[in-house]
Structures are given as C-alpha cells and as structure tokens.
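Structures given as structure tokens follow.
Paired with chain B in one complex and with chain C in the other, chain A is shared by the two complexes that follow.
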Partner chain A sequence: MTTFSTKRTSHIGNLIVWTKKLPNFVSQLVVTIVVFAPIYWIVMSSFKGPEEIIRSEPTFWPETWTFGNFERLFTSTKYLVFLGNSLFLSISTAVVTVLISLGAAYGLYRIRVPGSGRIAGVILLAYMIPGTLLIVPLHQTLSGLGLIDSLTALLLLNVAFTAPFSTWLLRGFILSIPSDLDDAAAIDGAGPVRTMFEIVLPLLRPGMATVAVYSFVFSWTEFVFASQFVSRQELQTLPIGLSAIIGQYNVDWGLVLAGVVFTMLPAVFVFLLVGRFFIGGLIAGATK
Partner chain B sequence: MIDVGNINQAGSDNKNRPSLVGLKKGNQKPVSWEKVFGFLLISPLLLILILTIGFPVISAVFSGFQDQRIIGSPSAFVGFDTYLKVIEDSSFWDALGRSGLWVAVNLVVQTVLAFSVAFSLQQNGRWSKSARTWVVLPWVIPTVAVAIIWQWLLNSNYGVLHYLFGEIGVDLGSPFGDPATALFSVIIVNSWHWFPLGAVVIYGALSTVPTEVIEAAKVDGATPGRIFWSITFPILQPVLFALGLVGSLWSFNVLDSIYLITEGGPLEASTTAPVYVYDLAFSEFRSSQAAAASVLTVLVLSVAALLFVRFGRPKEDA
Partner chain C sequence: MRTKTFKLAALVTSAALLLGGCAAPAADPAATDPATDSAAKGEIVIWHMEGVPNRVAAFDALAAEYNATNPDFTVRFETQQWDEIYPKIAGTAQAGNQPDILFAIPDFATYVRSLGLGQPVTDVVEGIDASQGLLDASKVAYQDGGEYWAVPLYGMVQLLWYNKVMFETAGLEAPKTYSELLATAKALTKDGVSGIALPAGKNLATDQVLYSLMITGGAANFFDESEGIALDSPETVKAFSLYNDLLEYSPKDSANYAWGEPQAALNSGAAAMAIEKGQYLTPWAAESGLDPSQLGCAPIPVADNGGQSGSIYYSNGAMVLAEDDDRRAGAGAFLTWLMQPDNYGDFLNAEPGLFLPVTTGGADLEQWRQNEVLSQYPECVDLLLKQSETGALFGFVDGQYVEKIGLISGQNIFAQAIQQMYVNGMPPAEASIWAQEQMKAAIE
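Moving on to the complex of A and B:
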C-alpha cells in the first residue's frame, strides 16, 4: 500500500517536472529542426544516385551512397576556380574592411576629429542607400575606372557596403575602452600614432575579428554585384558558378545539391573556427 | 615638446572636459597632429563611399534626365520626361507597395522568430550554450544556396516538405509558382536566411537586462507579460530601434533571394522595387528609366526612414 502511494506521488512529481520543462524542450527542438533539417536534407540528397534523388516518396537516409554528384562537380564544372576566386575575394574584403573601418572608427570615436558627428551621420546616410538600386550608375562609374570585369571592382564594392556597418560595430568596442589609457600613454610621451597601435589596437582584437567574419561572410554570399560586374568565367565567384549550374536546361539536382554542399562547407568551416568570437563581438558591438 | 605638454595637461588636470582644454590650447597651433591623423584615418572610407555611392547617386540623378537605353549607348537630354514616365507607370508604384509589404512582413516574421529563439538561447544548459553559435548557420550559407535549398525542399515533384505535407493531407501546390503565395513564400525563405542575426543581437541585449530587477518584480507578484513590457522592453528598445532600422533597410535591399527563386514572378507577384529597377535595366534595357526609378525609390525610402526615426526612436530620458 505504502509503496504504491509513494510510486504514485513520484509519478506526479515527474509529471510536474516534465510539464514545466516541456515548453522549453519543445522550443529547443523546433529551433534545432528549423536550422538543421534543411541542411541535413541537402547533404543527404547530395549523396543519392540519379534515380533515388527524384523519387516521389523520398528516402530519409540514402539507400546507396554515391559520390557521383561530387565527382561531376569537380570534373564538369570549374568549381575549384570559383572556390579560388571566392576565397581570394572574401579574404581580401575582410582584410581591407578591417583596416578601413578600424581607421574610420578610431578617427570618429576615439580621436573625435572636428565634425565627427556629422561625418558619422553622412556615412550612415550613404549606407542607407540600397546598393541594388545603384547597379546602373555603378556600371558607368566602374567602366569609367576601367574596373569592369575585375575582382578589384567587387572588392571595392564589398568594402563599400561592409565598412559602414563595421565602423558602427567597432564604435561599441572603442567606447568600452577607457580613455584614461590614452591619457596615461600621453603622459608617458606617446604620440597619437603610438597610442593607437600600441595601446588601443591590441584591445580591439575581438572587434576586428567580428568585422573580419562579418565582411568575409558578406563577400562569400554576395551575388548581385558579382553577377553584374564580372562576366569572364575564370573570374566568377562560387554563388555565380552555382547559379549557372542550376541555370542549365534540365536541372541536374544531384550536381546542383553537391554544389550547394561545397558552397556551404567553406563558410561553415570558417564559422565553426571563429563563430564564437563573432557572436560575442556582434553582441558587444551592437548593444553598446 | 609643446604638443606633449598640451596633452599632458588635458589628461591630468581636467578629467571632466579634456577635449575643451585641448582645443583652447590648440588655438596657438591651429590644427593638432592628432586631428590630422584622425582625418587621415577616416579618409579612405570616405573616398570609397564617394566613389561607389556618392558618385553613382549623382550620375543616377543626371541619367534620369536622359533617355538612354542600353548602358553606354548614346542618349539625349529629355528634361523630366523619363522621371514622368516612371511616375506614370503603375507597375512602379505596385512594386513600391510590394516592397512595403515585403519589408513589413519580413520585419514581423523575423522579429517573432528572433525573439523566441533569443529567449531559448538565454536558458541555461548545454543546448542553449551550443545553440548560441550554430543558430547563425542559416545566415552563413550563401543566398544562392539558400534559394536552391528551399526550391528543393518545396519542389512539387520531389520536395520532401511537399511530400510530408501531402502525408497529412495538405497539398502545398507550388508555393513559388502561384501568384497568391509567391511573395509570402520568398519572405519565409528570406526570413530563414536572416533571422539568426536578429536572434543573436536580441539575445545579447536580453543579457544586459539586470536579473535582480526581474527577480524583485517577480517577488512583487508581477506577471511575465508585465515584466516584459515594463522592464525588459524599455531596456531593449534602443537595440530594437537600431536593429529595426538597419534590418528594414537590409531587407528592402534584397534582390538576390527574390530574383533567384521567382525572378519577380509569376505575373510580377514578387516584383519588389529592386527587382523592378533591375528588370528595367537588364531585361528591358531602359537604363535611364531604371536610374530615374532608383532615384525616386531612394526618395520614398528616405521619407520612410525619417518617419521611422521620428516616431520609432526611443525617448532619451526613458
């Protein structure tokens, strides 16, 4: 009798714990599914053979694993060329954006040059003009500079559209470094250049990492400019190469999905390495 | 020597207003090396912006007064004719209206998603800790890949979502091919791509809310809703304001997701303003008209942004 009742209460106790945890658990499950299910499905599909992939009753785990799709990706498309271009462009965008936005943020929010408030306003204003609306006049400007059909044009544009936001992100980091440090450096006889490079910049490393990741990802996914201003195949980036595969007459889904997997992979890889710093930096920069 | 002395004094004597003292002393030497250095640091960004945004904007305004067709072809000055042509084109206004809808629904969907995800990121436990990093994955995936992923999931012949919904008796049809659902379906895809950024920023802002205050409110018997609106929300407001402004501009600007999935169709059902401009320039080869439409769109957008800042900006004293 007694054992029975204790069993019952513990059941009820469990039930209460469960109902309290349930909403949490459900929301965690939903978020996990929303993020990973599409990715899981693409990766699984890319390993399926040409018959299995278009079966009307899909298999949730490939019956027979094949690397045929990936083989075709490397033999029938210029994947490696696109990958090289994308890597080159994204890394150089990241480096240049870090340098330029660091300079701008330092000048505006640390040295506070005369009129810095107004200059910051103008930069934000410029940032508000949608880039996609400027394609036509940009075409004229770039051909005037002789930059059409070059990665330099894309580098210039990517930097122009990542640097203003990055400058604003760095503002949060710069404001969080006490200005007493500069004063102390000045007392020790350090000029503005030395103060910047030896005192402040080392403390800005998390901010620089955040900006680097942001501009890398921006450039990695950028499509509109890359499709408009570069036409030579040997200069095309991954997104353009990928859209060209799907643009062909009969969609070869196996090949397309293999392309998708290999377009995601490098970015995901970079993110797994430095993602934690990026998230921390984004939060720190945006909430100050 | 004198310069160092100035900074010295500025730093040590007058902690409250060091810059003021610096300026006064600076009168003897009109421009200090530090300020020059500051301008040197800012100038590369300004140069790039002038080159890639300032100059094209001016050239778009002028191009709007001409009648150029294919980019680079000869053109003549036609006064306001081209601008009028755009203003009289009902598709232009339809596209702007669709852009308004696009921005508004994206904002709502992404805010709801981002908030609910941010709350679950805030929990303790292993899941929340790891999710704080991987939740950003959809944003890292290139837009082209995102577009293909969702076309594949929703494909009406072999799509897994189509199949799963069919199993429970719901026929999804072809969501991107039906004018009634095309715009909304692309909004879902775009929201999947962008919500992580909002979620992470909101999560960050949530963690700045002091827990003691919330605990105290709980002790006083405040409901969770009351706590959110009276404590959490006011603290989040500045971040939400910035996020709303930047996010709306970003989503207004989206061309790639729409173009890659529906090309603005079917029957212009998903032709937002950027798609409209893009089509004018590169399908119909009316580059002057496209430039004029861009200028007009930027004007409308600026008014909208000003209104947003005017009415959405959190009160300073709050």
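Moving on to the complex of A and C:
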C-alpha cells in the first residue's frame, strides 16, 4: 500500500514536472523547426535535379541524388576564388578589429584617458552612420588613395564599421574585471603594459572571441562595399559572386542552392568553433 | 580543452590567412598574357551586368580571342550588378575612374549621360550599320541630338509562353486578345494550377510585363508632346485592369515574384502561362521534363478594340565612357570586331534566346541558329525575331528620347502601381493616376 502510494506520488510528481517543462519543450521545438527547416530545405534541394527542385509538390528527400549542382559550382563559377577572398577578408577583419577595438576599449574604459567619455560617444556615433550614404565620398577617397578594386579597401571599410561597435562591446568585459587587480599588479612591480598583457588580457578572452566572431560574420556577409568598390572578378567575395549567379532575367536554382550551402559551411564551422564564446560574451557584455 | 580549442582556432586562422593571402592577388589571365601585353598600348575595361556564369564565360572567351589578335588595346570584362550599378557609376563619375565601356539599356543610358559620362559613338554605329546593317529599332533609342550614344549589341523581346500539354488537355488555343487571355487564364486555373504566373514584386520584371500589355493595348506612348506624363488614358487603365484581373489567376505569392519565379511556375507545371523574354528556352526541357515541342509561344495578346501587335523591346548597347581619344578608338575597334559575323554568333550564344541579333544578317547566322538550344525551338526563335519588329520601350516610342526616363524606370513605378492594386486593393483607374503622380514627382 505504501509502495503503491509512493509510486503514485512519484508518477504525479513526474507528470507535474513534465507539464511544467512542456511549454519550454514545445517552444524550443517550434523555434528549432523554424530555424532549421529552411536550412534543411536548402541542403536537400541542392542535391536534387533541376526538375525536382522546382516541382510544385516538393519532395522532402531527393528522389535521385545528384552532385551536379556542386560540380557546376566549382567548374562554372570562380567559387574558390570568392571563398579565398571572403576568408582572407573576414579573418583579417576579425584580427584587425580585435586589435584596434581592444586598444581603444582599454584606453577608454580602463586607463580612462582624458575625454574618454566624449571619445566613446563619438566612436559609437560613427557606428550609426549608414554605409550607403558614404558610397560617393568613399569612392573619391579610395580612388585618391589608389585603393579602388583592392581587398585592402574592403578591409579598411569593414574595420571602420566593426571597430566602433566592438569597442563598445568590450566595455562590459573590461568593467567586469576589478580594478583591484591592477593595483595588486602595480604593488608587485608590474607596469601598465605588463598589467594589460599579463593580467587583464587573459581575462578578456571571451570578449575578444565575441568581437572576433562578430567582425568575422559582418565581413562574411558584407555586400554593399564589396559590390561598390571592387569590380574584378578575381577580387570578389562570396556574397557578390553568389548574387551574380542569381542574375538578371533567369535563375539557375540548383547553382544558387549549391552556392548557398558552400557559403554557409565556413561560417557554420567558425561558429561551431567559437560560438559558445560569442553567445556567452554577448550576454556578459550586455549585463556588466 | 580550452587551450586546445584556441590552438585549433589559431591554426585554422593561420591556414585561412595563408590560403586567402595566396588567393587574393590572383591576376586576370587575359591581363598578364605576355603575347598580348607586348603589343598592347593598354587595356580597355568593360563593365557589364550579365553575371550569370555562362554569360561571363562567353564574354571572357571572346575577350581572350580578341586579345589574341594583338590589338592596340586589349580588353577585359568586369561583372557588375544591376541592383548596384546606379550608385556605383555615380561614384565612379565623381572620382573620374569610370570604365572605358559600359553595357547599358536605353533608359539607363540616359541616367549615365545625366552624370556627364558617355561619348558619342556615331562613327562606330554608322560603320557597323554600313557593313552589317543595324535594325532601326535597336539604334533609335540611343540617338539624341544627331549622335548615337551607344552601340547596339543585342535585343530582348517578350512573348506569351505556355504549356502546350495543358492547353491541349483543356482544348484551348493560344489567346490572341485581352479577353481571350483572361478567359484562358480563368479556364486553366484549377486543381492547384494557376492559369498564368505574373510578377507583382517591386522590380523591373513587373514593369516590363505590364508595359508589354500597355503596348498591345495602345498605350505605348504615355508622354505628351511636351514630355508631360499622361497615364490616365482609357488604354492605360484597361491594361492596368487586365493585369489586376490576371493576378487573380496567378499564384498567391505573386507579390514577391520577379524574373525567376514565373519561369519556375511555368516549368514546374504550377502555372500554364507566363509572359517573358527568350530566356525561357534554355531550361524548359530540363526543368519541365517535357519535350521542347511542348513549350508553346505566342505574341502578346492585344486589346479587343484598338489593340496593336507588339511587346516591350530594347537593345542592350555599349556606351563608351573613355575620354581619351586613343582609348575611345580602342573601344570602337573592339565593338566593331565583336559585331563581325564570325564573332557575333558566339556573342549571342552567351544566352541563347535571350540575346537577339540587332543586325539584319544576324537572324541567319549559322553559329547562332545552330546553337543546341535554339535549334530545338525554331518557331519560337522566329517569333521572337518577328515580335522585335513591332517592339517598343517607354520613353523611346516613335523616335522619342525622354532624357528623364531613367529617373522613372529606376524607381519601378509601374511595379509599385501594380502592388497598389494587388496588395492594397486600389482600383486600376486610381492606380494609373497614382503612378502618373509618382512619375511626375520623380522627374521634377
């Protein structure tokens, strides 16, 4: 009797726990489907033939698997060139942005250089200027510098747009590190530079990873500047190369789908590698 | 674990930087060919907006062939995007680093000229005309002030495309008039199939299909003698009204349609008809799974009373933007070479069916006629050529040259009017007046 009563209580307890968890489970399931369904669709369709891709009654699984779309992607487009340019640009942007924003944030929020409050405001203001408004003057400036049609121009522009936000993003991380550590290091004889490199920077790794991922993704998906200031196909990035595949008047759906899959993959790989820092970093940066 | 992850990340980063660094400075083979560099005075840069891989490959092959002839100036094609070319060419105009040659369509050419770019190419056009014979319709839209401002290269025209199997099953024939088109679309809309697939997004595709129906409805010219806009004519309202009515039999998501979606709907069997240009030929068999003979094509239906045969038609031309005399001569030499019969067929085959010849002998070029796609659709190719003879383009009807037309076409005002009817339920008469006001505001 006692055992039965205990089991019954246990079942009721489990039921209550599951009932409480159910809304969470359902909402997570819905979000997962909403997020992954288009990706699933793109990936599966990229393995279909031209007739099956556009069929009005779609198939969830390719009836006949084909790698033809991928083969054409690599043979009829300069995908590898676009990929190389995008990787070079995104990684360079990430590295340079981390270096610049780290230096700026450290000066503004840790050392507190004179006028740091106003400088921080101006930096954030720069982030708010829409890039498209700057196309014509930028064209003149870059042309004057001989940088039109170069990846250097895109690197400069990308960093100009990622560094302000990244500097602000690092603010939360820097403020979360107690200044007592600096004092303790000073007592132990460490100068400001050594304190920065040996005490503060190791604690800023999540923040640096956040900035790196943010600037990588920004550069990976950047379209406007890449389309305006680069013309040679040998210098084009993936968003521009893919956009050209879609083209005027007709769309080669198989080629587009294969291109999308191979454009997503590197970004997904990077995110898998450092994504946990990014998410943790965004939360930390927002709350501190 | 974290240390390992960081090391791995650092390794990947370094490898990618190395890979990217190696890939980044890749040079254009045409630009570094010692055989051509040794003789050339310089390089002519050509911008075009035909970024589809097969077109890029065809253009690059022609450039390599031309460069192999040791010309004074070698040529290099660079691909641009239609969506981005307006601000980009404005930026280059300001900076003075425009390309030597720019592919254009007539309305875009007026915009480029308004930026202070573009040199007369009358001598080149007249030279090609004398040797190859240029169709009047192809060159008239580039003529202003007694000069030609672009060399016509290839034409584009629309037809009514339809699925013959569906028509035969329903016992229908290709519609010839507005009312027949509407009745056919209605009759074929059943069992999940739409009678027609029309674009209704805010884009050039919608502009062009509507304008084709305006032409066949007698509303091709909507400018008065002083270049004022008069879109409230009964003919225009009738065309607007037809488009709005046809959208009832078009797929529900037509408001997002541009170029590719109506074609996909026709080829997949989701729709029975569509109105577009000759790009429908190439993918038909592979995407529909049907025989080429089952793709039907017909002239754009005309208004029941007072209609006239026609379609939107425009030639894509090459504007010469180089200001230096030598470079201008080099640009002219390349364009003249391109239009020679031996090369012109290969050029047109960059997109079979979409690129139509603008020379009198072009229609009979064996290279073009024997193309593996075109040779399967001889009747439709003939119809495309015939339809070109009666085609027109807004702002350039009957010898017009409306300088501000680029400001109107760039904003897709026709397409916006369609959306006013289709999305907001605005009556056709009001939509035509709304479009008229928008166009007036655009050019004032």
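What to note about this one:
The rule is short, and it goes like this: the second predicted complex is superposed on the first by the 261 of 288 C-alpha atoms of A that agree within 3 Å, B and C clash if a C-alpha of one lies under 4 Å from a C-alpha of the other, contacts with A are read in each partner's own complex, and residues count from 1 in each chain.
Heads up, the rule we're going with is that a contact is a pair of C-beta atoms (placed from the backbone, for glycine too) under 8 Å apart; a residue touches a chain by one contact, two chains touch by 3 or more.
Since the structure is predicted, the reported quantities are computational estimates derived from the model, not experimental observations.
Steric overlap between chain B and chain C is present once the structures are superposed on chain A.
Using the contact criterion defined above for the overlaid structures, shared-chain residue A:T132 touches chain B and also reaches chain C. Once the two complexes are laid over each other on the shared chain, residue contacts for A:R232 go to chain C alone; chain B is not touched. By the touch criterion defined above, A:I177 reaches neither chain B nor chain C.
Residue contacts after overlaying the shared chain place A:V43 against neither chain B nor chain C.
Of the two partner chains, both chain B and chain C are touched by A:R55. Once the two complexes are overlaid on the shared chain, A:S27 sits against chain B while remaining clear of chain C.
In the superposed model, A:S243 makes contact with both chain B and chain C. When the two structures are aligned on the shared chain, A:S76 is found in touch with chain C, with no touch to chain B.
With both complexes superposed, B is the one of chain B and chain C in contact with more chain A residues. In the superposition on chain A, contact is made by A:L255 with chain C only, not with chain B.
Touching of chain A by both chain B and chain C, each in its own complex, is seen for residues 54-56, 132, 135-136, 138-140, 143, 224, 228, 243, 246, 253.
Partner chain A is touched in their complex by these residues of chain B: 3-4, 7-8, 10-12, 18-19, 33-35, 37-42, 44-46, 48-49, 51-57, 59-60, 63, 71-72, 116-117, 119-120, 123, 127-128, 131-145, 148-150, 152-153, 157-158, 160, 163, 192, 196-197, 200-201, 203-205, 207-208, 239, 242-243, 246, 249, 252-256, 260, 273-274, 277-278, 281-282, 287, 290-291, 294, 297-298, 301-302, 305. In the complex of the two chains, the chain A residues touching chain B come out as 24, 27-28, 31-32, 34-36, 38-39, 41-42, 45, 53-58, 99-101, 103-104, 106-108, 110-114, 116, 119, 123, 126-141, 143, 145, 156-157, 159-160, 163-165, 167, 179, 182-184, 186-187, 189, 191-193, 196, 217, 220-221, 223-224, 228, 238-239, 242-243, 246, 253, 256-257, 260, 263-264, 267-268, 271-272, 275-276, 278-279, 282-284, 286-287. By the touch criterion stated above, chain A contacts chain C in their complex at residues 49-51, 54-56, 72, 76-77, 80-81, 83-89, 91-92, 95, 132, 135-136, 138-140, 142-144, 148, 151, 205, 224, 227-228, 231-236, 240, 243-253, 255, 273-274. Chain C meets chain A in the complex at residues 5-6, 8-9, 12-13, 16-17, 19-24, 26-28, 45, 47, 49-57, 78-84, 87-88, 90-92, 94-97, 99, 192, 259-260, 263-265, 267-270, 276-277, 279, 282-283, 286-289, 351, 354.
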